[in-house]
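After this come two complexes, each holding chain A, first together with chain B and then together with chain C.
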Partner chain A sequence: MNKNIGVYVCECGPNIPERIDIDKVVNEISSMDEVKTVKKYSLMCSNDGKKFLKQEIEKEELTHVVVAACSPKDHENTFMKVCEEAGMNPYLFQIVNIREQCAWMIPDKEEATSKAIQYIQAGIHRVLFHEPLEKKELEINVDALVIGGGISGIEASLSLAGPKRKVHLVEKTDSLGGMAGKLSQILPHQGSKIKSVKEKIEQAKNNENINISTSSEVKEIRGFLGNFEAVIKSTPENGEEKEQEIKTGAVILATGFDLFDLKENPAYGYEKNENIVSALEFEDMINSEKIVLKNGKKPKSVALIHCAGRKEKGYCSKVCCLYNLKFAHYLKDNFPDIDVKELYMDLCLPHKQDQSYFDQAKEKGVEFIRMDEVVKTKSSGDQVEIEYKDNDKTDKLKADMVVVAPAMVPSKDTSHLAELLNLPLDKSGFFKELHEMLDPVATPMEGVYITGCALGPKNIPESMTQSHATSGKILSSLIPGRKIVPEVKVSKIKEELCTGCQTCLSVCFYGAISYDPFKGVSVVNEAICRGCGNCVGSCPSGAIHSKHFTYTQLYQEVLDALR
Partner chain B sequence: MKNQNVLVIGSGVAGIEASLTLADAGLNVHLVEKDSLIGGQTIKFEEVYPNMECATCMLAPKQQEVLQHDNINLYLLSKVKKVEGSVGKFKAQIDKKARYVSLVNCIGCGACYDPCPVSLDNVFEEGMSQKKAIYVACPGALPNAPVIDPENCVRLNGKKKDCNACEEACGFDAIDFTEKDKTIDLDVSAIIVATGFDQFDVKSLPEFGYGKHPNIYTAMEFERLYAQNGPTGGELTLREEKPIKSVGIIHCVGRKEEGYCSGVCCMYSMKFAHFIKDKAPKAEIREFHTDLCIPGKSHQKFYEDLAKEKVNFIRYKEIDVKGKNGSLEVNYTNNNGKKNSFKPDMVILSSAMISSAGTKDLAKKLGISQDSMGFFTTQNENLSPIDSEKEGVFVIGCAEGPKDISDSVSQAEAAAGRVLSILQ
Partner chain C sequence: MNNNQKETKINPEKGKALSSSKGIREEILNIFKKALADDIFDAVMIPAKVPNTDAYSWILLQDESLFEMADPLPPVMAVQGGRALSSFSKNGELDLKIAALMRPCEIRAAVELFKLHQINLNHITLISIDCPGATPLTDYMNDPKKLAETYKKISEKWEVSESLRPACQNCHRFSLIDGTAADLHIGLLGKNDKVTLIPISSKGNEILEKLGYEPTDSLEEWKSNREKLLKEKIKNREKFIKEWQEKINKTDGFFNELNKCINCHNCMNACPICYCQQCYFDSQNITFKPETYLQKSKEKGALRFPLNTMLFHIGRMSHMVLSCVSCGACEDACPVSIPVGRLFSMVGDQTQKEFDYIPGMNREEPLPLQDFKEEEFCEVETPNECEEKVTEEAK
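Take a look at the complex of A and B:
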């Protein structure tokens, strides 16, 4: 192919000529044999400038273009678009930053000018080795697979299901509702009673666009955004085991949480005395309206212990203070004579309504005692005695009944699913979000999202919010009738050089590389690869290159830049 | 086909995320921002907890995306004037103030600032630096173009009608003194309110001595003091430019008065300790807190690491700050009722997040109410805290109540999910 290279030097108004001798640059570059034409222009990114560039490409029949101007962050896309409009492959373009890197950096005009010339020469020698890259379009499936039938999974399903979108909701137990379904009531100041969980279950069951599989688990899952395949295995108690294969566009993990095993720390005395119960057992008592001791009598005093497992696990579970307050309110409302004490480390009341809920409990006569930790819990006559420490001082209190609030811990399925989908876990064993601050429900695997307590402890409204967030992510990226365009600048592995060491697999954050055992080489899935280049740098045999950042391209560029 | 237009009010991190999620789905987003730049409060932070990432670097790509997105119409210096109608067919009127600088022509070179004869306090920098009547809030502000303050520009306020210093300095014909304020009519199917928060006014509590002693800082002042693009270029010094030897950081300022815990102050106060350890490693740091509210799954570790670094954590019951002969004295009663005092050379007041100043006015226009704490009321019938009382109007981020960036982003994506779910 005949290479017609056009070079355009943008002045950026007075910004570049103030420090760089543009005419000298144009002269010097004109003398290069590789170049067909060199011109300067006052402001290339203006509408007139873009028109000028388009006309030039057409008139001069250019095959390659170099623009020397500002940072690629500012206008690389602008000029690539112009190239495309003029009928050129946009990847046969190179931007050279002579504003930030030369004009704005070097006070001496001569020095800045010669550096600019050098950089432009580097750009020209690089663009000579550019290859035309083509965008691909892939058909998509817009359905969603939701794993976990708790309140988070149900809400995500309801939000996603529609006339053009099916949802497969998979729950491992034989009924929907999860942990929220077991609670006596949802915190009254945060909304309505438990009936809304039941209502939502009914809504999901009645929605013809939601396929519910209970007593089922996901056995296999592979693919990428818009094109996942999964195998669901159902083992109903009185039915036949069956497997079905489904296609789906996105996956939501809503696998919830488990509770800290109170026996792990003997200080809580759990199972040592029958009147020491866990918070979940106390929820059951409220549900059956039987707050009684093992001897059948009503307790005269109840102690609520917060933060069981906080020190052991290394994090605060956020919701325990509030549900302990809920218990206290329940007790004081129904049995005003019961003496209620709460033993806490720090009161964690982070939502705007929480403080007044606490203040009200105090008004009702609930006593709050701060402690650093529980030292021992043991039987003392008919009562339970709690020994606790505060500021190196120990103290004791007695109560007829003790309710212990265990920390929330990752559900048992977490590590298995993480392995299945190649997802990272955080230090506590919960799923790790793609970005803790800016992408809190996404994972490195595009198309796989997480909601609710599978990501870490949170309350029901927050879980619902995250479910809507996963739905927002999916509704925004998988649109019926639209195709998806994967990244163009992806990695490529030369099979003949690959030794099959699989180093690249371990550095790929996105799970885009797999190992082909028959050929003994690694393979890049171009639909998943995002072109970060980690694998390129890690490959000990130099078998991988990044399209648009090949060794030759970089070498040619560096050769001039370091001259 | 249902109306595919959505109005987003406020361009902080929540407004940005909601706009991008909706715009990527192909909806037409009208993003209204009262200021001349986008990014809200987040871009004021040098680093954010728990991973100490640079907030401006984190958000800049998203800001750029907003500015370049074909489906986002951005109205800067704009406020909602009127809203009528109901879900699916809202009619909104937007008042857009003139910028007097063309965003098409301006390339952000900054040649216009120096010649301007007017000097003013920079509100973005909490008044800790000066700006001209033509200015950008801080280096790196996006869009990268200045704005003229019409009240203080001597040409526009009529004090010196022939001043054209900035116009003369501009090489791009970007200054336009003839630009007029505009009113824009929009038909939208849903409205997302993301108007953020303000800081509790620490002056209202004289016991903390703010304003009486130069080295008592608010949290936001300290954020800017630490920022590379802030008034001191990131140099951590006292007002009289002496190095820092000891710092007292006081949590929960305004909690009692406002009646709620803001949920984020413990963490950012500890972040400050990180900052100080970083730039003044020998400084003695004491964190005065009540309950430590550190509910995120990685937050306790952040605290434990700091405690190991010899940051002193003190649980207080009562506290006040006095300025004495040019030095500071923090007097406190600890958990056991013991009185004590500490003489740091800097005090930082971590104050509550309160509803933003325009909340009352906007609530009235939208036909929704404020809760007892001043934030927009959200209803919980669906157990979702982002639905306002009015169908099709969603409230996200700190407009709904104090929260961190992560929860704000979740709510933003959730609002987008609700809107897209209704429209699908």
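Take a look at the complex of A and C:
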């Protein structure tokens, strides 16, 4: 095939000609045998510029194009699109950065010009070795698999399910609702009971596009965005064990949380005295409207202890201050003469109505005591005596009933699922999001998202937001009828050179490489591969190459650039 | 391939001592004969002298009568045991229970290859043995009878003689009981003529049980003899490292040692760790066009070629030195007597220290380049914080 290379030097407005002698560049490049035509242009990325490039490609019958201009991050895609529209393979294009890498950093015009010429020569010699890569289109499944039937999972399912998109909701216990389903009331509306959660559960059950499997777990899962396969194992109490294999397009993990085991810190005396209960047990009492001590009498004083497990786990669980206030209000409203004290390490009151909720509790006579830690609890007659420390000063208080608020910890299934899907966990054992600030519900595995407390302690509105976020991501990426185009510049393993040491597998962040035991070689899944190149660097025999960054391409470029 | 081998390590306090009236060789071979007869193993991998020659080779044997030619500790290390083992245990599961008797450096090489998925250890029992070293391959081939005699003398006395290979003179890992490399260890440093079987893993324990050898004998004497020899060898090794560091630190010191290289790649071929189907340095990536030669010659005025001689060594070093077990197979194989084994051993020693890694010692320890530690090389990554940390720890 005849190689007709067209080189275009963009002036980028005044940016480049101020520091680089464009005419000299054009002159030097035109003397190269490999180049069919070289021209300069004022602003290549403008509409006129793009039109000009398209016409040039057609007129000169160009097979390869090099544009010397700004950074590839700015306009590589722009010019590649133009090449495609002009009927040329867009991957036979190379952009050379003579703005940031030459004009903008070399004050001496002669030096900047000669460097620009070198770089363009490097780009030309590189582009000669480009392969005409082809984009692939994959059929996709637009359904979603939601793992976890708590409030987060239910909300995600409700916002996703539709006639063209089914949702499989898998819950390991025999009923939906999770931890939120066990609560007595939801903040901030003191009045409303657990009704709203129950309503959500009913909506999910009545939605014909949501397929619910309770007493079920995901046993296996493999694949990538638009093409997952999962095996769900159901073990109902009164029924047969069965396994079903499903195909799905995306996965949402909504596995929630467990509570810190209060027995781990003997200072709380949990299980030593029956009038020391956990917050969840107290919720039960409110639900059954029976706040009584073990001797059947009503308590005259209640102590609410915050922050249990905070020091051990190293993080604040966010929701306990609010629900303790909920408890305090409930007690004061239903037992007018009851004495309520709250022992806290720090107060967490970040939302709009929290401050006034706290002020109202104080007005009702709730006493707030700051402490560093609970030293020990012991029985004192019929009461519980709590000894606590604040700044080296120890103090004691007595109460009929003690409610301890335990920290939220990752649910037991988190680590198992993380292994199944090759997902990272943070140092507390919660799932790790792709980017803490900028991508808080995604994971390195495209198509796998996380919502709710599986990512860390949070309240119900935050969980709702995250569930909507995961749905949003799925709704916009898995569109019924559309195909997805995976990354083109991926890695490829030469089978005959691979010796199956799996070093590449161990450094792939995206889980895109798998081992084929039959052939004894590793294989790249081109649909998952993001082209990061980690594997290429890790292979000692050079059996892996990147399709758009081959050794030859890079060598040719560097050879010229360093001359 | 199932590499989920979780053999539990035992701290060997006792072993089984067998008195060898017929001599150590006979005693060791009897153990294997018994194991084969009792169906504990289906086959044994052991070195053997090829009949009617002076050559040594590995054999995989199921027939008891062929034990005649076997020799657990030959005067030379012909093919590195790790390399030999990987030739038949790479893909798939074997359904033969195999025992492999190898020198400690060969065992460690096998464990490194296991971590690189080149050896499947599921049906293999690794048996290590106290190793007195071996003589240089070329010396032996030039006068086999003399060297065999020399070797007999020095090995019986565990002498760190200059007749041994340099790698062996400088080796301090001649007796493998720390770590989870071998399943069973054959101790020879005990009372005269005593062979002590020491279980290292639960698999090793099982095998002793099946053989009817309860590990109830004291290891005190063996341990104390071993300590003495270890002290001497460690001193030797430290001297060797220091000597070679000085040699290399001289200007062009490294390249001077490699000056004689004829680019035959024997060292790479003999090395057990070099496992690539095709070495990177034999691949398309490292071919130079004629124009390149002529251009470089023009630019530099003169050109020494073939072009990638030095690059090969540095490259091979960067690829495998973290797994280098200092076995010296490379130096034995070099036709121009380059001290390549010593070079790589010294560099290996230093780089492995940086990663706190001893190749082949522990099966569960991941290879440094396949493992990510959040805090590593802090003196390079976060030098300011590192200083604080170091002073904190010092306090």
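Note that the second predicted complex is superposed on the first by the 558 of 563 C-alpha atoms of A that agree within 3 Å, B and C clash if a C-alpha of one lies under 4 Å from a C-alpha of the other, contacts with A are read in each partner's own complex, and residues count from 1 in each chain.
Note that in this section contacts are C-beta pairs under 8 Å (C-beta built on N, C-alpha and C of every residue); 3 or more make two chains touch, one makes a residue touch a chain.
All values derive from a computational prediction rather than experimental measurement.
Placing chain B and chain C on a common chain A by superposition gives a fit, with no clash between them.
In the overlay built on the shared chain, the residue A:Gly500 is in contact with chain C alone; chain B does not reach it. By the document's definition of touching, of the two partners only chain C reaches A:Ser541; chain B does not. Residue contacts after overlaying the shared chain place A:Pro461 against chain B, while chain C stays out of touching range. On the chain A superposition, the C-alpha centres give an angle at chain A of 130° between chain B and chain C, rounded to a multiple of 10. Touch criterion not met for A:Lys172: it reaches neither chain B nor chain C.
When the two structures are aligned on the shared chain, A:Arg310 is found in touch with chain B, with no touch to chain C.
Set side by side, chain B and chain C differ in how many residues of chain A they touch, and the one touching more is B. Of the two partner chains, chain B is the only one that A:Ser159 touches; chain C does not reach it.
Contact with chain B, but none with chain C, is seen for A:Ser471 once the two complexes are overlaid on the shared chain.
When the shared chain is aligned, chain B comes close enough to touch A:Ser196, but chain C does not.
Across the superposed structures, the minimum distance from chain B to chain C, using CA atoms, reads 9 Å.
No residue of chain A lies in contact with both chain B in one complex and chain C in the other. Taken together, the chain B residues at the contact with chain A in this complex read 13, 17, 21-22, 24-26, 48, 50-51, 53, 58-59, 62, 64, 68, 105, 107, 109, 111, 171-172, 255, 259-264, 291-301, 304, 335-336, 371-373, 375, 380-386, 401-407, 409-418, 420-421, 424.
Residues 12-15, 43, 45-46, 73, 77, 151, 155, 159-160, 162-165, 186, 190-192, 196, 310, 314-318, 346-356, 359, 370, 390-391, 426-428, 430, 436-441, 455-457, 460-462, 464-473, 475-477, 479, 482 of chain A are the ones touching chain B in the complex.
Partner chain C is touched in their complex by these residues of chain A: 496-503, 506-507, 515, 517, 520, 538, 540-543, 551. Listed in rising order, the residues of chain C touching chain A in the complex are 1, 90-92, 116-118, 275-280, 283, 285, 319-320, 366-367, 369-371.
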